[in-house]
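Paired with chain B in one complex and with chain C in the other, chain A is shared by the two complexes that follow.
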Partner chain A sequence: MKTITIHRVLSILVVLATVVLWQGCKPKAPGSVTTGDAASQAYVAPGKYDEFYNVVSGGFNGQMSIYGLPSGRLFRIIPVFSQFPENGWGYSEETKPMLNTSHGFVPWDDLHHISLSVTKGEHDGRWAFGNANNTPRVARVDMKTFKTVEILELPNSGGNHSSPFITENSEYIVAGTRFSVPVGDNTDVPISSFKENFKGYISFISIDPADGGMKIAFQLKTPGVSFDLARAGKGPSHGWFFFSTYNTEQAYTLLEVNASQKDKDFIMAVNWKKAEEYIKAGKGTTSKAKYAHNVWDESTHTGVSTIMDEVLQLDPAELKDIIYFIPCPKSPHGCDTDPTGQYIVGSGKLAALIPVFSFAKIQAAIANKDFEGEFAGIPVIKYEAALHGEVKKPGLGPLHTEFDNNGNAYTSFFVSSEIVKWNVKTLEILDRVPTYYSIGHLSVPGGPTSKPHGKYVVAYNKITKDRYLPTGPELTQSAQLYDISGDKMKLILDFPTTGEPHYAESIPASLVMPNSTKIYKIEDNKHPYASLGEGMTKVERKGKEVHVYMTAIRSHLTPDNIEGVKLGDEVFFHVTNLEQDWDVPHGFAVKGANNAEILIMPGETSTLKWKPLSTGVFPFYCTDFCSALHQEMQGYIRVSPAGSNVPIKFSTGKIEDQAGGAGQ
Partner chain B sequence: MKKLVWFSATIFLFLACSPGKPKEESTEKKDENPVAAVTDPAKGIGQIKNVSLHTPLEFDRVSRGKAVYEMKCSACHKLTDQRFVGPGWLGVTKTRKPEWIMNMVLNVEVMLDQDPEAQKLLELCLTRMPNQNVSIGDARDILEFMRQNDGEK
Partner chain C sequence: MKPLKPISRVLIAIAALLMISAYFVPLWQILMWAPQYPEGLEMDIWINNITGDVKIISALNHYIGMKHIEVKMFPEFTYMIYIVGFLVAFGLITALINKRFILWVFVVLLTATGIAALVDFWLWGYDYGHNLDPTAAIIVPGMSYQPPLIGTKQLLNFTAFSGPDIGGWIFVGSAVLVIGVLVFEIYKSIKEA
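Moving on to the complex of A and B:
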């Protein structure tokens, strides 16, 4: 009897404790965290513009999307690493080379992180970079045209996660591999030989200051670990780069358990100015490596893919003083330098504290050789020697930190589902707000730069659950906007996002909007198949290829009657949009096409390949509503049997007499 | 016929209700346009106030104007008096002032919204002439080409 009572009491206590704990961790109900004027703060009236462009990674959709802040309105999805049938990216003849790799044509990837170009540590509004996590690449988007203009593949990488973070004057973006892999001539090895044969590589990609052109300047051969995120130094720490690592256990199976054994992994500090010195002194070695470099030419409106065959490498185990390891608790994810460049914030995914390292102390520790040992031939600095201090009991599972312009940091906590605001110098916690639910990255406008614009923080949440009307098992993604202009953070907007955003950046509209391209000048169109005027249209046969030089202008396609195509031919529709006014794209689609449509911007030429599989007359039409007579913007192409002697013939507006008068 | 009436009414409503594009608002210079209109409505609305024509024709302009016509205009305007998408060009320099022609090329959005003659043409053709981003020099060259097309030497 007594034991039963005790049992009962114990059970009740356990239940009570669980409820208390559960309620302690559970974010407060949404109603209690928004305030009355929240809606007006995020409201942008009809016809008014947002204050910021929000450039957001698309995650598993492989694209970049453009939102406005504070409204959270989606303006555009820019196709980058994935085919986009909506405008023909990766389907048109001109864009297919952009998705070429050393593995051939790759139609999909996973875009995780954004970097906006900077000058003197501040946003300059020129380019946005994105990384491909699966087939390792980086892409450059031109912020004038919002178009992907360059994609560079990364050899010796297993998956480009620690990328495309950028240096203070856009000298370099980096690309660190998430998966160490065997490289070179010795790649057919047992997986269990990880420690012996697997290597991590970090690429430093130089950016041409004039045109943004990317080139692998050098690669650092690093021990076989996983690189997660990175940030460049700035101000006093300019010339250094900091990478978070995990799996320093060098596990090759069940990483969930086996890569979480050690109390601390590392932040890897890279002195890239030192690496430049070694290269100048001829210490680099050139290695064979096959990778694609794809560049968009705006005058021909065409991408060109070049397969490269070598890369310059440095081995920091032999060339001293390039890299150092700093112990950092529990599989760090974020590795973020503050606006002053004096502090580096590590965020261990499984940690319950945030270590903040001091750049000055790191330098002193290196000078005094204050090392606790070596890892794979690289010195490991003593944790305490590099530490500025720890933020105590901030929450559970810190992931990523950004900064405002008042010396404060904002850290996302996945496990405890909240944003915590703290002071970088004093390490004091100032405020915390719940997120719905389980935040991943966060983003403050200008947050990674030397001069944050502040004002807002956006939470990119990993779990959506009950935040929106349900749409079956698959839900939209949940982003949340908080006002950070006061002492307390205030939730002012929920907005759904497309794909699965990881990281994002925001930039004042005033740095981007005035430069936005409205049209491509038809006079500057150097596409080899362009028709610069309706008089230049024609249809030409070259063996089994039929090339249609076509124009589009409101509201007709020329030619719109085409005959003489035979079964077995491949037809190339080269469509030039003759419009020279803003916001008048034309589209082109033909029945039975096995690829997609194409959207052609004013002054541009784009090509859709079509291989008819049966004889008959096939309609084609403009797919983008362009005028009152858009519905009339259509035509026919006739396909005859293989041996037919129907001649090539094309016209527009020509009414022919038919035998028996049937055509009249 | 009933259908046609409906269609015209729909088009009229569409045009009457269609929102002004931001670009039109920005290019419209309120201080000078009404003045131009008051001084000589036959010159149209826009920055072109006076054009001096020369005889004989300036032939370098004619050949440049022809090239611009072929690239940017020929899809809708024929060189005969036949209407295609837009009106045929034959005779245009006899019926319109040179300033009106150049303003129509350079300031088409405002002309279609405010100039009575341009609006009559829109009612006839029912397709808004697009802005083809023609420079002033190119518009002047087009005018010279039109004069040649009308038989001037």
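Moving on to the complex of A and C:
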């Protein structure tokens, strides 16, 4: 009995030990905590400022958002391509033209990439550009007002993904189409005629150095492939632009399989200085095209949309030496030039290595005609002739590469969910850290410039899963901040983000903060319906339109009693905020408005259109908590039947019937 | 009638000329801070104008029934330029005439002007702070809002400061210089006697 018992006990112990050991051998769950003083590195004390403005694309929300780094605090969402009912962007009469396109009013989009303006390759803090991936457009945001001030549509494009990357002195931003499409007079063609009829177009948009005004300088007609991402050359490679391509198979269905057949797609090198020469020599052709150009006027506080009707084009198949193809493994996504401008990193999203091309070698290969053939009439440089070297076994699914100020590159890996740090010259892998989970873009402050600010890399992850308290099936998006000041990358902060961020840039606060606009000067307000004082308020009937010239100042609206509106009228509330004090916006909302409320900044005039659908007395009020008596900032508008003879009447502070009203 | 020392005449002339600065720089300042205005609000009083965040201050003060501050509510602005001009001229004449008696008169004039200005400012402040609109949105029983004459005072959520600005300090400096000259003259004549 005893021996049996001992055996039993022993066997139980062995089983237990095995279980314990087995548990010990199991890999630990991801999500390891941060170490040491991480919290203090990301901590910005109350009342203190962040070191960087982080300008982040909003992806499917069509907006840009502004965060602070290293705190990860969200300061503001800037409406760009999508309507924003919280401040009336795209709903107010003034902002509606900003969302006009050749397809009519397109009140949403998918904003993927940010480019901040640069001078001599370095951030100058003037403008932020963003792309619309759906209805092809680019937008310019003024970094003084953090407001979208220009939107330019791109003709002959099927989806503006390869955009809005910028040249060294903000000469151009580019816009390459993700979808090749049939263009010109004959666009009603079978989809199966892709090879014959579908073309890809790249637009070079010039930036006016004085006011930032955008204009399509020229378009390059390129073979029917998909353009993915791009970067301008800089330093020695200034004058060139590099675009990654996929679907050089020219598939038009099940691209997942059919566009992944070739071992190598291309990076397209564009000599834009050469293109400029051809244009000077009159080699460009002007083609008919229909596209909208929407410009915000800060003095009238109004956007103006102009439909353009032609565009200048160059055909690189005929005009030699503008473009060359460089083979790049497996559907390259990121195509990033390092700060010196000597190296171009291609990230084949299905490749097991990262090729790094040398600009000097590309130039030598072109000079020696070291070509392996042609693709659609364009020379293809031999892979080895252009190659500086390959980063071996970096990870799975490389997507994007950013750079620091010490000659290192940081590449994001979607599939293996990590950031890998490597040396650009030696191609040696130096460090790797996991991301939670599946990183897309990554961003080093100043990473795409000639002079990166370094310090941090932010990972913009595509999967959030268990990182935050769950909120049902739809979860927040997740960004992660890593300290890269040492040899090893260190995770110091997780922070949720709005929309779905793709690319982002960061700029030192010192380059932006001193220029930030506080108010619009009321004396500069040239809005045709502005009331530059309470004495200038009025209500005017123009046929079926009733125009209310209204003012808002703490804490009343003038007029706040309006009568004489009839059913069938359209009422335009032109509200001028008379405040000249920082951080005193007023809002305006009327009951039953089918559009939105509006927020009016100090000195600004904004218009809300309202079409009453029934008779009665409708309240209106200020929606921005402006003052101690904000709640009292309210009024009434009376709507009478269509045939009524109630005259137009308006007032503020006038007590008509001492008995019936609240007389003083 | 004793003549003045040459150095005294020069100093009196300099003091008089310094007062010309009153036409070019603000004389008095009122500063205000509140939780909502950590950066502060400023009101600068010039010889014939008020500048700074006057509109904002008026907009805030209307809640407690204070008057809208406007240039035309100060008749002083119409004649202050002459008073200062007269003082400058009187100073220069004092230096020219070169008599102790005139210097006495000048000192008395300067002192009287300074006192009168402060009294006038206090009276305006009293009216501005006490003469409130009875229909004001916020009425705190027993509360008045007279700004401080000189120094700092807490008025509801605002901390208000009142004091000379550059021009005011130059004026004070000039007056002190002139008085100093008089003291110096008296001291010298006692010693010489």
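Keep in mind that, in the parts below, the second predicted complex is superposed on the first by the 624 of 664 C-alpha atoms of A that agree within 3 Å, B and C clash if a C-alpha of one lies under 4 Å from a C-alpha of the other, contacts with A are read in each partner's own complex, and residues count from 1 in each chain.
The working rule: contacts are C-beta pairs under 8 Å (C-beta built on N, C-alpha and C of every residue); 3 or more make two chains touch, one makes a residue touch a chain.
From a predicted model like this one, the values you see are computed outputs, not experimental measurements.
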Fit-or-clash call for chain B and chain C when the two complexes are aligned on chain A: clash
Chain B versus chain C as contact partner of A:614, first or second or both or neither: neither
First (chain B), second (chain C), both or neither touched by A:187: neither
Which superposed partner A:535 touches (first chain B, second chain C, both, neither): first
Per-residue contact with chain A, leading partner among chain C and chain B: B
First, second, both or neither for A:553, with chain B first and chain C second: both
Touched partner set for A:628, first chain B, second chain C, both or neither: both
First (chain B), second (chain C), both or neither touched by A:594: neither
Partner chain in contact with A:523 - chain B first, chain C second, else both or neither: first
Superposition clash, chain C versus chain B, among 8-16, 44-52, 98-106 or 170-178: 44-52
Overlap of chain C and chain B interfaces on chain A (superposed complexes): 553-555, 579-581, 627-629
Chain C partner contacts - residues on chain A that touch it in the complex: 553-555, 579-581, 627-629, 632, 664
Contact footprint of chain B on chain A as seen in their complex: 519, 521-523, 532-536, 551, 553-556, 558, 578-584, 627-629, 653
For the chain C and chain A complex, residues of the former touching the latter: 53, 55-56, 59-60, 63, 135, 137-138
Chain A partner contacts - residues on chain B that touch it in the complex: 11, 14, 21, 23, 70-72, 74-76, 84-85, 126-128, 130-134
